[in-house]
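First chain A sits with chain B, and in the next complex the same chain sits with chain C.
After this line comes the complex of A and B, so read on.
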């Protein structure tokens, strides 16, 4: 029976990458001195599983590499060896190396052999031994030169408790019978009288003779599981006359086998080149989420059959029942939708888990003392959002390490603890997820940024800016305040990309800082990208959806509060603020807009980039959840429109992209 | 029609094979491993050979499963979180229902002390990792036919 092992590779890679993360986290904890015996056990277990799996699924190089890590970890676990800081460094590098090998195997890249060799040697160095794992070939050859008699005398007497280990003497005798010609007799002299007979015990023993070309090792193998629960003696009856001849033949066999075992290695390497296409990404879902879903579908089907029964024989007297059914259908659909969305949700720890290592490596490099504190790792976010938020977070944390936290001596001079703290927090607020990166470093010097902004021509000298506006300068392309460019951060590329990435996820970033005390970068993200709470509005004959998150309020404009500003268009004075007005009908050239004069329509006040605008529409319809369909993949990209959705009556409504609208009106 | 099918699926947890188990008299095997890929490989191999398989991811879950049905063979990994294989074997062997059931250890540890530790806990035998599906089947056939 041949089984295609490749079908298990995806799962194997997933759990191995997870195992590597576990090892990394464990090693970092060890380094911080927070570890106990269970920690080292966990690390060992992860290495052990990777080794077992990689051997089974045909990744020999990974298995060999993990073997030596496992040996080292085993010694640490048994207390034979103390793990030093340098030792942990070597192990961490080895984890990186394994990750590289695993990535190469899963995505079809190349393994950097020199990297593997370096790490392998470093591990070997710690172990201080030179025995290579592939040294057993000589032993095998030696085996085959042992004597092969033509018959064996086997006496087999199982102990009383033999069967209590799940053993079965018949199995052993059957197996022996397959190896050659088996004769013998059963000894029943120990069987007690019937009244004393305990059927759970074993009273029989056997004397057998096995003829055929069988080695002692083969027979030992049959008895290997029961050595401890039985007395076994195996003696040769007569020497094989053709012994020398036989031996010669055997060793030849071994050579052929050895040659054959090298061949698959080459073809495996060739295979690897072919499968360069990365595997489909998959998602791990808790069984309870799937159960909820099945439950929900069951309910939906029941409601559906109830409604169809009602429909077959409908009259007005059953109207109430119909309405009841429709309400039920509505509820089940909504619940089903929520459950499906739940499946895409993964905890943010997937992203957070990389930071302990990063903070450790960077602080070591910069000679700073930094501890990382994380909260809310179990906060769940849409998988796409999780994937896209990783890089911006890395950048912000790097930034905090490099520019935020001071050198230990500066911290002591400033009366702060020597060790700086970086906090990562994730939590729900409203319909959003908020991720905060907090450091207790030197904070952002507003004057420096302001002057730099002036110098770069981003700000007019002498103009008055709010704190937030000053901080926003940080996210401008090409803006860097670091006097010296380090390879950690400070090239000025990045912060603008950070902001762009967050905006593309429909999120926003805010900065707060107190000079001398530290900074907080706060990222706000929507829970999901697939569904959006929207306000539907009409302009002319068309429906549009405005995302609810960007709406501040809606007002009916009064004539006396309208102004025309030369060169800047219309504004509306709302309380103390003058809002620029965006007319949808003008922006999209809608000819038959109902409301021509502003006082006939409505003004939806929206917020983008910290500024308020009034979007002028004919009428407001209602709030609803809409499923976002990409306009780009179904039609083409349109400025000011972020997507489309299908409304209850089957018509298409376009979803307005508020920041895009503002850019259009500029 | 739909409705009955769904409710049937729901009630049986989609596992009709379990219902048919009595009819076809397939041997029922419990495989215990914290690594999903190993578990799937073992289960797939055994199912392909006509056995009925239940999976568990650690000793504790396996022990719970062993109380819900009677397995004809138990194949367990040794290194597992929550409850390791050796402890699991010791507990299982103490159950009246599993006094004579073959229990195999699935382990990379080919060293003698792990084997003897497992044996004294009550294991019947062992299969050393790495192994291929054919080797696994050969051992399973040897033990339960």
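After this line comes the complex of A and C, so read on.
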């Protein structure tokens, strides 16, 4: 019986990539001097798990490479070595290299051997340069070889239930036999009479002698999967007492290490068993979220059984109970749905965590001094949004580093602190998530952009543009104001892609800037892509859904509150504010709208971009939660419509895009 | 000589398909007969009310809920600028899969036709190239002409006929 190891690869890679992220974050913290011993331990543990895992799964090159990193980290942990800035650089590069190797292994690509060699040598260099006597990587190997006794005595007695865990002693013995000359005998004294024999139980035990050039660690590896289900003792058959002691001590060491490395591997295996089919993309869910779900489903089942009991023998006297039950059912379904949505929510730190490294590398490359401040990393966003927002954010942060923050001497000359600051902020506002990228650099020169826009034929010379319109020019394809093209940014590709990506998520980007003081790019994204609370309205024969988050209130207009601007633009006076009125029937050319006079219909007061508008509809229907379906997947984007949904009766209703409607009316 | 014989033997299992040619679903539209590659047809449905899409061309009747997917419905009479008629009991919606755009996005769309006629076979050799009528008639959606029991059958190029950019500019 052999286990198909392939099925665990996905989990191994996922865990390893996570481990690499942990190492990277830890190393960056070390570099900032924020680290304590625990940080080093964390990095070490991550490296160790990767080494253990890659060894187990047969990725020898990764295991070898991680081994030398681990050696270095071990010395740092033990205080033998101090990690310098350069040392951290080398380690960070090694993390990149590992990531490259891991990606190559998981996608079936080729490993760039020269890069591995370069990093390997760099690590060796650090290890070799030290005065400390233990040039560990080579020393260890040398030690173990000299310590290797010519023979080992192995006694292996599996527990009774050994085979029930899917283990096979023959496999282990075969593997031992490949390592050297294996002799031994099997002990059959525990085997019961044939009638009492349970073929699924284990009754045998072995005493073996293994001759050959084998280390204890290698033997331990063979038994590592079964050590919980069997008694194993491995002793060296050596004449040199001192040496044996030495080995014993050493082997104790390795035992601890081996135990440490096994733990994560085992849990990975356990994890995997629960997920029978490895999915292409997976999500890690906190156990508390799952518990909530289970509770919710429990409640739902109780409500369901109550209702079905009620239905079995129903008369009008029990109507009240039925209504009560239905209300409960409604509440539970809603809670269940919210919890399920919660599972898709991931903290934005998943995206933010790549930036410390990026800022550090880029600022070093450009000789700028930049500190990164992040707030609201725990703000949760839909996983799809998180995945898609990463690249636009990278572009924007790169731009801030390259174009925004000035060189240190320029900053001092401008009376600013030498070190520039880039802030990443994530927070909720209304039904949206806002991500702000703020820098205190030189800001955006509106005149330069305006002139460039004229030059590129995007703006007519002499036309007057608002600040926002000028900034929007930045997001045009091929628009770059960088006087010199660097490999960081400045090719003018990117900003248009940034805008496109954000728009495709149903979001928007705004730019604010003060020349000489810095810029703020603020990205507004919907909380989730899948479901929204909507107000259903009718115009003519059609139903539309207005997202509840953008509705302020709904009113029945009275004649005296209605005014005309220049005989055309209709306004509604809501308290002290005159609101422009948008007629859906006009914007969408709906011929059969029932209400023509404003007094006959209803106004839904909506808010978008900080402004209020009155949306004129025939009638209001109920509020309901709707699942958003894309119109684009089979058709195309329609102005003023953000998507479609399916109503309870199976018909389709379109969801209004409130900011889009306002743009249409302009 | 012997090689010739062998190659013939090799081809023979394919001959049932090769001899009859591709299958086309035929339908009528204002007294004209059209054919669509049957492999593109996902299902046939009776006409039912759709949800209108604002600011769309007349021939886009609206969208329909097809088992959770939002599917646009195109009236082929109006698409081809034929005379418009009311929908009757025989009016059928043919749900088609369309490869559209440079990325070959697979879209699902429905077309409204007067009635379904038949399934016919047409060999490549029997299909005649679409004659050119100059600028007076646009024939870009018609991939060829075939003969079905003495009636002319216009074979439609589904992708060209239903490409979003082609339809909506």
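As a working rule, the second predicted complex is superposed on the first by the 397 of 666 C-alpha atoms of A that agree within 3 Å, B and C clash if a C-alpha of one lies under 4 Å from a C-alpha of the other, contacts with A are read in each partner's own complex, and residues count from 1 in each chain.
One rule holds for everything that comes next: contacts are C-beta pairs under 8 Å (C-beta built on N, C-alpha and C of every residue); 3 or more make two chains touch, one makes a residue touch a chain.
Not measured: the values here are computed from a predicted model.
A.B. asks: Per the contact definition in the header, classify A:588: touching chain B only (first), chain C only (second), both, or neither.
C.D. replies: second
A.B. asks: So, does A:85 touch the first partner chain B, the second partner chain C, both, or neither?
C.D. replies: neither
A.B. asks: Between chain B and chain C, whom does A:464 touch in the aligned arrangement: first, second, both, or neither?
C.D. replies: A:464: touches no partner chain.
A.B. asks: In the overlaid three-chain picture, which partner chain does A:651 touch, first (chain B) or second (chain C), both, or neither?
C.D. replies: In the superposition, A:651 touches chain C alone.
A.B. asks: Is the number of chain A residues in contact higher for chain B or for chain C?
C.D. replies: Comparing chain B with chain C, the partner touching more chain A residues is B.
A.B. asks: Where does A:629 make contact in the superposed view: on chain B (first), on chain C (second), on both, or on neither?
C.D. replies: Once the two structures are laid over each other on A, A:629 reaches chain C alone.
A.B. asks: Scan A:597 for contacts with chain B and chain C and give back first, second, both or neither.
C.D. replies: Neither chain B nor chain C is touched by A:597.
A.B. asks: For A:641, using the defined touch cut-off, is the partner it touches chain B, chain C, both, or neither? Pick first, second, both or neither.
C.D. replies: In the superposition, A:641 touches chain C alone.
A.B. asks: With the two complexes superposed on chain A, say which partner A:175 touches: chain B (first), chain C (second), both, or neither.
C.D. replies: first
A.B. asks: Which partner chains sit in contact with A:575 here, chain B, chain C, both or neither? Use first/second/both/neither.
C.D. replies: Neither partner.
A.B. asks: Quick one: which bits of chain C touch chain A in the complex? Just the residue numbers, please.
C.D. replies: For this pair, the touching residues of chain C are 49-56, 62-65, 68-72, 107-109, 164, 168.
A.B. asks: Where on chain B is chain A touching in the complex?
C.D. replies: Contact set of chain B toward chain A: 2-3, 6-7, 9-10, 34-38, 40-41, 44-45, 48-49, 79-81, 93, 99-103, 107-108, 116, 119-120, 122-126, 129-134, 137, 142-143.
A.B. asks: Show me the residue ranges of chain A that touch chain B in the complex, using the header's touch definition.
C.D. replies: 1-3, 5, 7-9, 11-12, 14-15, 42, 44-45, 48-49, 51-53, 55-57, 63, 163-168, 171, 175, 200, 224-225, 228, 294-295, 297-298, 301-302, 304-305
A.B. asks: Which residues of chain A touch chain C once you look at their complex with the stated criterion?
C.D. replies: Within the complex, chain A contacts chain C at residues 541-543, 587-590, 629-631, 633-636, 638-641, 644, 646, 650-654.
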